[in-house]
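See the structures that follow.
Okay, so chain A shows up in both of these, paired with chain B first and chain C after.
Moving on to the complex of A and B:
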C-alpha cells in the first residue's frame, strides 16, 4: 500500500486553539476532520503538510441545532451519516439529506464530515494520481508542475468541484461561520468558492469552517440528483441541486445550482428566474432545463465526456423540477446513477 | 433437458454443499496470505518502474541510491544472470517464430511500456527502499511508440521488438465459405470491440523470499503457478532443485498470477543479500503495469438460411498483446478455436492475429481469449434471430452443437453438450415480464450462451499428482501442489479423498502449494485444477483404499470386494467391522504402504493444424447460458440490471456451494467488464491506477445472480465433473448487450456498455452512432 508521509499531529480542544495552530504553522499546516479525502491525497503526495491540525477533539464543531421552522445550525464536524439521517433535515432540507447520503460509501460517511465535504479538494483525471504517476507526465500546475494537462494553453487550473453538499447548501441559501485566530465572520456559502481549480476556496488558510447555518425552511422544498458511473459509490461528475418555494400553485422563488461542472458550484440564475411566478408545467420545465444547461461547461477531465454531462444537466434539472412539482417522470436521487 | 446421472446412492460427501475449511479461516482472518509473512532481519523491496511507454535508457546510475541509509541492494538488468526467458508455441500457421520475452526481468536499453520494471531496491525499511528507488538516476530518451494493434501492423510502424510487431497468427478454414455465403438468405456483419480489463484481485502481488538453512532459495508467494520455481532458477542460473516456491492461499488470481510476478525479483534480492526479502506491490503498481485482459477488435460476417440455420461465418480477430508476449499467443488460440461459439457452422474462416504495442502487457485472465469472442458471436446470433423473426432461444436451438458434432478446428465433441437446454432453462427462469415502472424506462431481456475449454491444450501433455495417506490414528492427509486461488480447490480435494476413504471431512488435513513438499499438480489455471488434481486425488485414494481392503480382507475372513470403508472403519457385509487404525497397524507389520502417490495424465495429443481442421485441441468444454433482464433509462442511457440467471453444465458438482460461488463470482466479474471496467490509456499512459477511477462493481451494484447448477453426469473430472472456474465470465457482456437491444432496438458493439455510449447510440447527444 502507499504510505503516509511523516507529519506532526496536533489535537487542539477548542476552535480558537485550532485556528491559532493553523496560523502559527502557516502553509505547512492543514486541518483534518474525517480525513477520508485528505489522507488518500497525502499518500499520493497531492498534499504534503508537515503539520496536521486534528479537529475531531473539538466539541464545538459537532452537533445539529435548531428546527426547520426557524433555521438550523450544523457543526462542520457533524458526520455525513448524521446529516443524512437527521429527521429535521430529512423533513425540511431534503436535498441536503440526500446529498450527504450519496457521498462515497457508508463507511466513509461515518467518518467524513459536512465541513470536509464543503471544503473537499477539486478533482481531475491528471491530478488524482500517485506521485510517481504525476512525476512521469511532468506534473500539473495544481501540484508540483507548471501547466494544465487538460487545457495546455490555459493559465488556470480546471480541476472540478466534487462536493455533493456544496451545490445543495448554495441552493438552500446556507451561510458558513468561519473562525480564524483573530476573529470570526459569517458569509454566504457561495462566497466561500471561486472558479479556480487550485484556489477554489476564498477562506484564509488559517480560517476554519465552524458551522453551516441554514435559513428557515418555510415553504421551501428541495431535490438533489447525482450523476456517476457506478451507483454504489463514486464522486459526482454532475450534481443538480434545486430548491423551490411555492406561492400557491406558482413558484415564488427558485434556486438551481450545478455541481461538478466547474471548479466551484455553478448557479443557473437565468433558469431560476424563469421559474419565478410561473406554474410548473411540462413546457416550462423543458425551457428551464435548457436554460440551466447553459452554465454547465464541463471539461473532459472526469469520467464521461462533456457533451454527455451537459445533456444530463438538462435531463436532471427537468427531473428535479418534476419531482418537486409532483409530476410523473421525476428523478429519485438514488437512481440518477448510470 | 439434461438429467443428472444418479451417483452411487451411498455417496456421503461428494455432491453436498459442505462449508469449506478455508472459508471460516478467511472470515476469521486466520489465513496467512503471502503478504502476512514476516521473518527476522527481513528487508523490504521495491521496484523502480519506467515512467514512459516507449523510451531508450540513456543513463542508469545506481551509485547514489546504493549509498543511501539502510539500502542493502540495488539491482539492474546487468545484475540478472539471465534477463529474458522466451518460449515457442507449436502449431502457429505462419512463420512468426519463437515468442520474444515471455518473461523480461528488468529493462535493458529500452523500456516498452509504462510501469516496466527498471531496477530493484532492497532496504531495511520500505521508506528507505522507496527513497533509494527515487534516487536512482535514469535518463530516458523518449521514442515514438505505437498504441493500437492495427497501427502496429501497418507498414513503417515503430517496432516494439526488432523482429516486428506481429506476435502470433492463427487461421482456420473449414468448408467453402464463399459458396455458403452465396446461398445465405441473410448475412449479418458486425464489428465488436472489447477493452483492457484488470484482474483487480483483492490481494495484490506479494511474497517473501529467504535462503533456507539448506541453501535452498525459498519463496512464499501469491501465485497460481508454483512451478515458476523453474523460471526463478533459470533467471538466477542455479539448479532447479535449489529453488522452492510455497504458494499460500490466494486472495484471487483470475489469471493475473499465472505469469511470474514478484518471485523472480525476490529470488534475485535474496540471493544478492543473503537475507529474507519482502515485496508487496501497491494497488497503483498492480493497476498500472500488471498484465491485463487483451482488448480485441472482432469483425464477424455471419450467413444464415431463411429458416435460421447458420451456413457460414467469416471472422477476423485482432488483439493487443501489449509490450511483451507473455501468454498472448495461447490466448489468441483459445479465441480462434471458440470463435464460432457453441454452434454448428459448416463453413468457417477465422483469421486471428495479435500485435505488440507500447501498451501494458496483456496475458491470461479468466476466460483466456474464449470470453471476448462470446460478446461477438452472441451479438451476431441475436441479430440473425431478429432479422429472421426467431426468438433468442429458437435461433440457438436450431444451431446448437450436439454430441458428435465437431468444432471448426475439427474437434469432435465426445461428451454431453448441454445445448440448447441451458438456454431454455435460463430464459424460463426470468419469469413473467414485468411492466416498465415509468414512462422513460424500457425493459429488455437478453440471452447469451458460451463454451469454454477446461483443461490445458492436449499437446501440452498435462498431468497432476497427489499423495493421499493415513496417519496411524486413522486421520487422513492429502498432499497436492495445487495453489488455492479461492475457488475451493483444496477443500474439493479433501471432499473427494474423504468420500473414497470413508472418513469425515474434519478428519482430513490438506497440504497444498509447496514445490518441495507436495507432489506437483500444475497450474491453477485453465479451469483445470478440479479436473486434473481431483482425478489425481481420486486415483490415489482409490489405490489406497484397495491396499487397505486387501490387508483387511483376511483379518475379517472375507473377500476384499465385500468390504467398504465407512466412518473410520472397514465394514464387512454382515456388519462386522475393524477400526481403520487396526488395519493400519497390520499394514505396518506387513510392509504395505499406508499411502499412495498417483499421477493423472490428461488425454494427450500432438499439435494439430488448425487451418485444415485436423482434430483435438482441448480435452473437453463446459457449456453455459446466461439471461439478463435490464431496465433502460431512455433519457440517460443508464442500464439497470434487474434480474440475472446463469446456468452451466458442470457434469457433477463436487461441492454445489463452491460451484455456485464460481458461477456468481464469474458472472459478476463478467458484468463488471461488460458495464463498468476499463483500463483507460492515453498513448500508453494509464489513467486508471486506483479504484477511484478503475471502477469494479460492488455487492450493491449487481442483482443477486441466480445460479443454476446443471449436472449432466458427463465430464472428464472426478465423478464426471467439468471445469467451472472460467466459464461463467463469458456470457454476461453479450447477455446485457442483447437485453439493451431488446429494450431499445439499439445495438452497442463496444465494451464497456456505458450509459454515455448508449445515450449516443440512442441519439440523445445529437448524432447517432
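Moving on to the complex of A and C:
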C-alpha cells in the first residue's frame, strides 16, 4: 500500500497568505489544489515536500467571470468539470471545454483544477512508476538519478508535457496571472513553459497561477483532438489544438499548438501561417497537416510508438481543420484506439 | 502530528484524531470502520474509492479530510435508508450487475449522483458518468442495465416525492417488469425507454 509521506498542511484563506507561506518555507513547500496530480506523485515519492500549502479554501481562486464577447477570466482553482460545463466557454471557447472535459475521469475532473492542469507535471514511462520500480531499473535524472533513461546520451530530461488544456489555451491566446509574495505579473501562457522535462515551468517556485485570462472570442472557432488508448483516464499521448479566426470564407488568423510531443506544448507556426488568407479546401488542409507534423517530435517514452504518434499528428491536424471547415471526415473530440 | 477533524459522513458527525497526511479513503476505512469504500489503485486511476462530497463523485484516495470540514460525505453505507436498499442497489442485485463486487460501491455512489442530477439519463450519459469506474468482471452491460432499471423505477415513483426509493416490489405504482429477474432476456428491463434513439453498442 502506498501512503502519502508525512507533511505539515497549511490552509490559507487568501492568495497573499498562500504566496507568503510558500515564500517562507522555500524549497520545502509546494502548493496543492485538487491534489489529483501531486498526491499520486507523492505516493510514488516523486515529491516529498515537508509543507503543503492547500489552495482549496481560497475563494479568490475560483470562479468564472466575463463573457466570450469581451473575454473571460477563469480562476485557476476552478474545477475542470466546471470549465467543461460552463455555457459561455462551451459556446465561445469550444476547444477549452472539450479539453477540460477529456482530462482523465469524471471524478478526477470534479477535483482537479484548471490551474493544476496547466501546471501538470511532465510524464515519462521511466518516471511515472513506483519508487521500487524506479529503484530496480535505476533512477532517472527527473528524480533521484543523473541520466535520462529514454536518451541516455542526453544532458536533459525528455519527460512529456501532458496537459490537455495548455495547448488549447496557448492556441486561444490566453494569458496567466501569477501571484507571488512580492507582487504579481501577467504573462502570455506560452511564456509559462520551457522545453525541459524537469524545469518545464518558468514561474518561480513561490508563484501561484491565480487566473487564466482569455481574450475576446469574436470570430474565433477552435477544436481539440486527443489521442490516447482508452476513452477515459489516460493522459494525452498527442493533443492537437487549432484555433481559427475566419474572415468571410477565408482564414484570417490561425494557431496550431501540439500537446504531448515535447516537454512543453509545441506550436506549429509554419502550418498556421500557411492557412492565413486561404480558403479551407481539402488540398490546403493536407498541406497544412504535413507542415504541422514537422515540429512534432515525440520520443519513445509514452504509450504507443513514437513514429505512430508523429504520423497521427498529421491525421489529427487534418481532422481538426476539416471539423472547423465543416468538411466530412472531421474528428471526434477524443479518438479511442484499442 | 495528528489533527483533530470533524467529518460528516452519511449524515453522522464524527470527530477523528488522525495524521493530516491520511487520505479520506484511509480515514474512512481505518478510523471510521467504513470498509464499504474500496481501496484500489491509490492513484486516481480506477474509481473504486469513489465517494460523494456534497453530492459530487470524488476520489477518496486523493482527498484530504482536512479539506472536507463542513462538507457532507456519502459512502455506499449511507445509500440504504431505514434498512431498505436504494433502488440502485436493488437493481444491481436483481440484474447481477456485480460479480466480484469490488468496483460496486464506487459505481453505486457515482450512479446515485448521476440520477440525482439527471433522473432519466440516456445509456450514453450513463456510460459517460461511469467512465471513471473500472470494472474488470462484468463487461459493464449489466451495470448499465441496472442503472437504467433504477432510473425507470425512480422516475416512475417521482423524484420529488418523499417516498423516492422507498417503494417495495409489488407495492403499487407502475413498474418496469419489476418482478422479471431474467434481465437481459426481457425486452424492457433495464433497456432503453421508447423513443430514446437507436440501440447503442455494448461499451467494450
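Simple rule for what comes next: the second predicted complex is superposed on the first by the 333 of 338 C-alpha atoms of A that agree within 3 Å, B and C clash if a C-alpha of one lies under 4 Å from a C-alpha of the other, contacts with A are read in each partner's own complex, and residues count from 1 in each chain.
The criterion applied here is as follows: contacts are C-beta pairs under 8 Å (C-beta built on N, C-alpha and C of every residue); 3 or more make two chains touch, one makes a residue touch a chain.
The structure presented is a predicted model; accordingly, all values stated were derived computationally and were not measured.
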item: Partner chain(s) touched by A:329 [first = chain B, second = chain C, both, neither]; value: first
item: A:3 touches, of chain B and chain C: first, second, both or neither?; value: both
item: First (chain B), second (chain C), both or neither touched by A:54; value: second
item: Contacts of A:11 with chain B and chain C, given as first, second, both or neither; value: second
item: Which of chain B and chain C A:132 touches, first, second, both or neither; value: first
item: Partner chain(s) touched by A:315 [first = chain B, second = chain C, both, neither]; value: first
item: Which superposed partner A:232 touches (first chain B, second chain C, both, neither); value: both
item: Chain C-contacting residues of chain A that also contact chain B; value: 1-3, 231-233
item: Interface residues, chain C side, partner chain A - complex; value: 1, 3, 19-23, 26, 39, 42-45, 47, 50, 56-59, 62-64, 66-67, 110, 128-129, 131-134
item: Interface residues, chain A side, partner chain B - complex; value: 1-3, 125-126, 128-130, 132-133, 135-137, 227, 229-235, 303-305, 307-308, 311-312, 315, 319, 328-329, 335-338
item: Residues of chain B that touch chain A when the two form their complex; value: 49, 51-52, 114, 126-127, 280, 282-284, 288, 438-440, 633, 635-640, 676, 685-687, 689-690, 692-693, 695, 697-701, 754-756, 759-760, 764-766
item: Interface residues, chain A side, partner chain C - complex; value: 1-9, 11, 34-36, 39-40, 43-44, 54, 56-57, 81, 104-108, 110-111, 231-233
